[in-house]
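Please go over the structures that come below.
Common to both upcoming complexes is chain A, partnered first by chain B, then by chain C.
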Partner chain A sequence: MWVIVEEVRKSIRILLAYPAEVVFWIFSPLLWVIPLVFQGKALVGAFSSTPFGSLAGTDEFIPYVLIGAIISTYMFSAVWSMGNSFRDETYYGTLEHILSSPARPAYILIGKGLYNSILSTSFVIVQLLICVFIFGLDITLVKILPIFMFLLLLIVGLYGIGFMAAALTLLVKEAHGLLHMFEYVLFLFSPIRYPVEVNPITKAISVFIPLTYALNALRGLLLNIEFNFLKNSMILLGIDCVLIPLGLVVFHYVEKRTKTRGTLSDY
Partner chain B sequence: MSLRDNRKRMLKTFFHYLRAVNAENIKEWKIELTYKPDFIRQFIEPFVYLFPYFLYGFALLGGRYSEHLRSITGISDMVAYTFIGYLFIGFLNTACWAMGFSLRKEQWFGTLETIFVAPVPRWVYVAGMALHSTCHQGLIMLIQAVVIATFFAIVLQMSGIFMALSIVLLMLLGLYGLGIIVAGLTIALKQWWVVSEALSTLIVVVTPIAYPLAVLPLVLRKMSMFLPTTYGIIGVRHFLLGEELVIGLPTIILRLFLILIVWLTFGMIVFLVMDRYGRKKGSLSIY
Partner chain C sequence: MVGSGEIIVNDIRKIFKKGKPDEVRAVDGIGFTINKGELFGLLGPNGAGKTTLIKCISTLLIPDSGSVTVGGYDIYREPLEVRRHIGVLTGGERSLYWKLTPVENLRYFAALYGVSRKVTKERITYLLELMGLVDKSNVRVEKLSSGMKQKLSLARVLIHDPPVLLVDEPTLGLDPYFARFIRDFVKNELNKKLKKTILLTTHYMDEADELCERIAFMNRGKIEALDTPDRLKQSMPQKQVLEIKCQGTIEKDMFETIDGAAGINISHGEGFVFLRWNTDNPELILGNIIELVREKAKIYSVRVTTPTLEDVFVHLTGASLKDA
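Let's turn to the complex of A and B:
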């Protein structure tokens, strides 16, 4: 337990050394929405679209992409931050020290995951508050509990993916590009920017991504779009039960392999 | 020393710098080829990056063509319009990421100090990175252009290719100024990627990549007038797709020239000031 707490504390201290990063992560997902708003205006000449509504359940595409952008903060955190967490230790020159300490690497990994979850949730809360006070997003108190439930179910599943991303970095070292591409793949096949029903391939692949169910549920709650509460939560729970053990097993295997082959300190 | 000797010495120095620029270019190719999965990824990624913009357009329109887009630009094909914009904005990554990232990467590798004591000015190093990035990005874009144009049956006006490439060249030189600024700021700010990402996000918002200038609010439209990417993208789209120009062609070329002079000069000043600051403060090796 102390290992996890110390890992979180250490990560927070490193983050506070670069305050510009905090500001960046709060505002950037909101900034990424702006080109989509202008693109929509250029294509349809308004801020609502009937074809969009027939796929997404709402004609208004701005709140749709705004929620997608906010929730994608978790995706960036899981894939990018978790994936790079051990690579950063390599750059700092502390990877070998950490992995040779008398602490189980899984605890260090969970510590990094917990830190990223806390950080992302803080960012998401600030972003939602910006949307409530500036863009007039309506969140009633009764919705807060189910929103947090779906966020929690999403975070757990995504960190299972994050653990695998961390393992990938130990294996191929210079993995930041691959992580970026994985992010783009998630962007392509999950309903972050558009309803995946627009294309049969994206629709088919989105079934395997936890973001799909979380976004359906969260948009349903925030924009009053009809969705199946029980089905989405059960599927997310099922995905979590598979991804977390899978992520830990993959990380354990890769970590052992790099130690056996002596490639831990390779650049 | 005679004038002839002087000229000979200058020429020798020039070739010495050119060799250093090329050495930097070769070194970067070698490093990139060491990480093969990442190297291959760079050729696939632009496609994965581009498709969400197409699919978003399809979701909004329920098809490929937009009457509203045609009424304001003269082009109704959303795919072609978006594709050309995002294809050439790829050079923004060259400036912000590859050039800006270069010094931080050397720091991570532990070779920054070694490089900085080499008997060449600092700009030679950045020029080497610029050369490498342009070759690499150019190759990626060429493959992307051929594949996307074939897959979506996009018809480009081949008669406009020379003018389009000339405009891209001017835009690129302007963007190098930005790359040099980011590289310089990296020396002082260390956390380079925040600078790169913030700058590139702002430029992407203001540049008319997937939408015309007409849809931007007035403030953003005014801001976009200071960016080489604005003139680059609308110029290229005019020559390759026939987009109606809201700014005259001579104005576009003149402004691109002015921007590249200002940005390059400003970039060099920022870089030299930051370099001196870094060494004076002893923060060159600080993480």
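Let's turn to the complex of A and C:
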């Protein structure tokens, strides 16, 4: 447990040592959200659209997209953070010293993921406040608990993907391109920016992506769209139960492979 | 080679790019035993396989075959126990978080090794005092000198008080003052006082000669000889060395015509050329050699001395530690 706490503490300390990064984390929620608002208004001409409503279940185009943006923040920051974490350690020159310690790499990765979740949560809180105060999003205290439950279910699954992303980085060293591709595939096949119902192929593929269920549930809660609470939460839980062990097995396999091939500390 | 040593390496092999034209036999059937409390040296040129061997012992690299136990723990079956048992120090500066302070670095590594919070606090205080870094304890590592960083790296290695230390080229890139500190610390504090078992790799002959109780010469993945420094030197067939220090252009084949002067070792350092011959009768070849050298170079000194580990290495491998 202490390894996880110290990993979070270390990562925060390193972040604070770079003031420009801190400025980024303070202002990027605003910079991230505002273009989406303008884009929506330019396309629809207002904050609501009836044709959009027939696909998405809500006329409210901008809050719909904003929620997609907020949740995808969680998604990508966790995957990026865990995926690139060992890459960063290679740059610091500390990777071999970490992996020659008795601490299990999974705990170190969880610490790195947790650190990023803390940052993402603060990021998301600012975005949600923008949604509430500028776009009149209705978040009552009653909704907070289920929102966090779905976020938690999403994050746990993301950690499983994060283990695999970290494994990928150990294997190919420079995984930026592959992680970007993963990100773009998710943008295409899950309802982040648009309802996947707009195209039969995107709709068919979206059922295999955990983000779809998290987005459906969170939009349902925040925008009062009808959704099956139990089904979405059970599917997310099931996906978590698959992704976490799968991520650990993949990471363990790749770690062993790199130790056999002698490529652990390669750039 | 099986025994009751603290580190037992038995017929270990590690081959990279196996079966390809550029196959590298980094470690090629090595075996030795290091006793508890011993300071054991692996001496060899760059690329000899020393670091590969250290990585195998520290579980960072999985050997192709052979076995290694550390403190009775097997590297394949009990890697976590092996890691708890060892501390790994490498040369060079990048083994710490430069944006963190010494205290923050040590606290983080203590957590990795499962040291309790209470003990961590005590160990950090003790180690910073031991290394003379108390006044730098809250200064970011990036502000410390190279020598201070290496001292802090030593503290990091000792944070969980391991009985076995793997020390890989510890003085690499350090100025003479800090290199001396590290050598004295490894020998007197870690080995003699704290009774740590130490496997030290180096390509500095003097460092190995000064520090190690036993030395293994490693070259091209194999151990060429293993013994105490004195016995290794005594194993030389010729008991004396003729050395000429000069400046100029000297070629090995210049001396082929002189009986007994063919086995020359030429090395360079501090702007000088050093010519060395292993011989039992330096007086027999001295006159002719000086005559030849004078034609091509300016002679600064001539002396007859005893063989060094470098001479033994050259004798065994035909190559110098510096450029093998």
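In this text, the second predicted complex is superposed on the first by the 240 of 267 C-alpha atoms of A that agree within 3 Å, B and C clash if a C-alpha of one lies under 4 Å from a C-alpha of the other, contacts with A are read in each partner's own complex, and residues count from 1 in each chain.
One rule holds in what follows: a contact is a pair of C-beta atoms (placed from the backbone, for glycine too) under 8 Å apart; a residue touches a chain by one contact, two chains touch by 3 or more.
Everything numeric here is computed off the predicted structure, so don't read it as measured data.
Peer 1: If we overlay the two complexes on their shared chain A, which of chain B and chain C does A:Ala103 touch? Say first, second, both or neither.
Peer 2: second
Peer 1: Of chain B and chain C, which one touches more residues of chain A?
Peer 2: The partner that reaches more residues of chain A in the superposed model: B.
Peer 1: Just chain B (first), just chain C (second), both, or neither: which does A:His180 touch?
Peer 2: first
Peer 1: Applying the touch criterion given at the start, work out whether A:Val172 contacts chain B, chain C, both or neither, answering first, second, both or neither.
Peer 2: first
Peer 1: Examine A:Pro200 and indicate which partner it touches, taking first as chain B and second as chain C; both and neither are also allowed.
Peer 2: neither
Peer 1: Quick check on the superposed pair: does A:Thr260 touch chain B, chain C, both, or neither? Answer first, second, both or neither.
Peer 2: After superposing on A, A:Thr260 lies in contact with chain C but is clear of chain B.
Peer 1: Mind working out whether A:Tyr92 is in touch with chain B, chain C, both or neither, as first, second, both or neither?
Peer 2: After superposition on chain A, A:Tyr92 lies in contact with both partners, chain B and chain C.
Peer 1: Of all the chain A residues, which ones make contact with chain B and with chain C?
Peer 2: Correct list for chain A: 18, 92.
Peer 1: Could you please specify the touching residues of chain A with respect to chain C in the complex?
Peer 2: Interface residues on chain A, with respect to chain C: 2-3, 5-7, 9-10, 13-14, 17-18, 92-94, 96-103, 108, 256, 259-262, 264-265.
Peer 1: Which part of chain B faces chain A closely enough to touch in the complex?
Peer 2: Chain B residues touching chain A: 35, 37-38, 41-42, 44-45, 48-49, 51-53, 55-63, 66, 68-69, 72-73, 78, 82, 108-109, 189-191, 194-195, 197-198, 201-202, 204-205, 209-212, 214-216, 287.
Peer 1: Using the touch definition from the top, list the residues of chain A that touch chain B in their complex.
Peer 2: Touch list, chain A to chain B: 18, 20-21, 24, 28, 31-32, 34-36, 38-45, 49-52, 54-56, 61, 65, 91-92, 172-178, 180-181, 184-185, 187-188, 192-195, 198-199, 202, 267.
Peer 1: In the complex, go through chain C and note every residue touching chain A.
Peer 2: Spelled out, the residues of chain C in touch with chain A are 14, 16, 26, 52, 55, 58-62, 80-81, 83-84, 86, 88, 90, 92-100, 104, 107-109, 111-114, 117, 140, 156.
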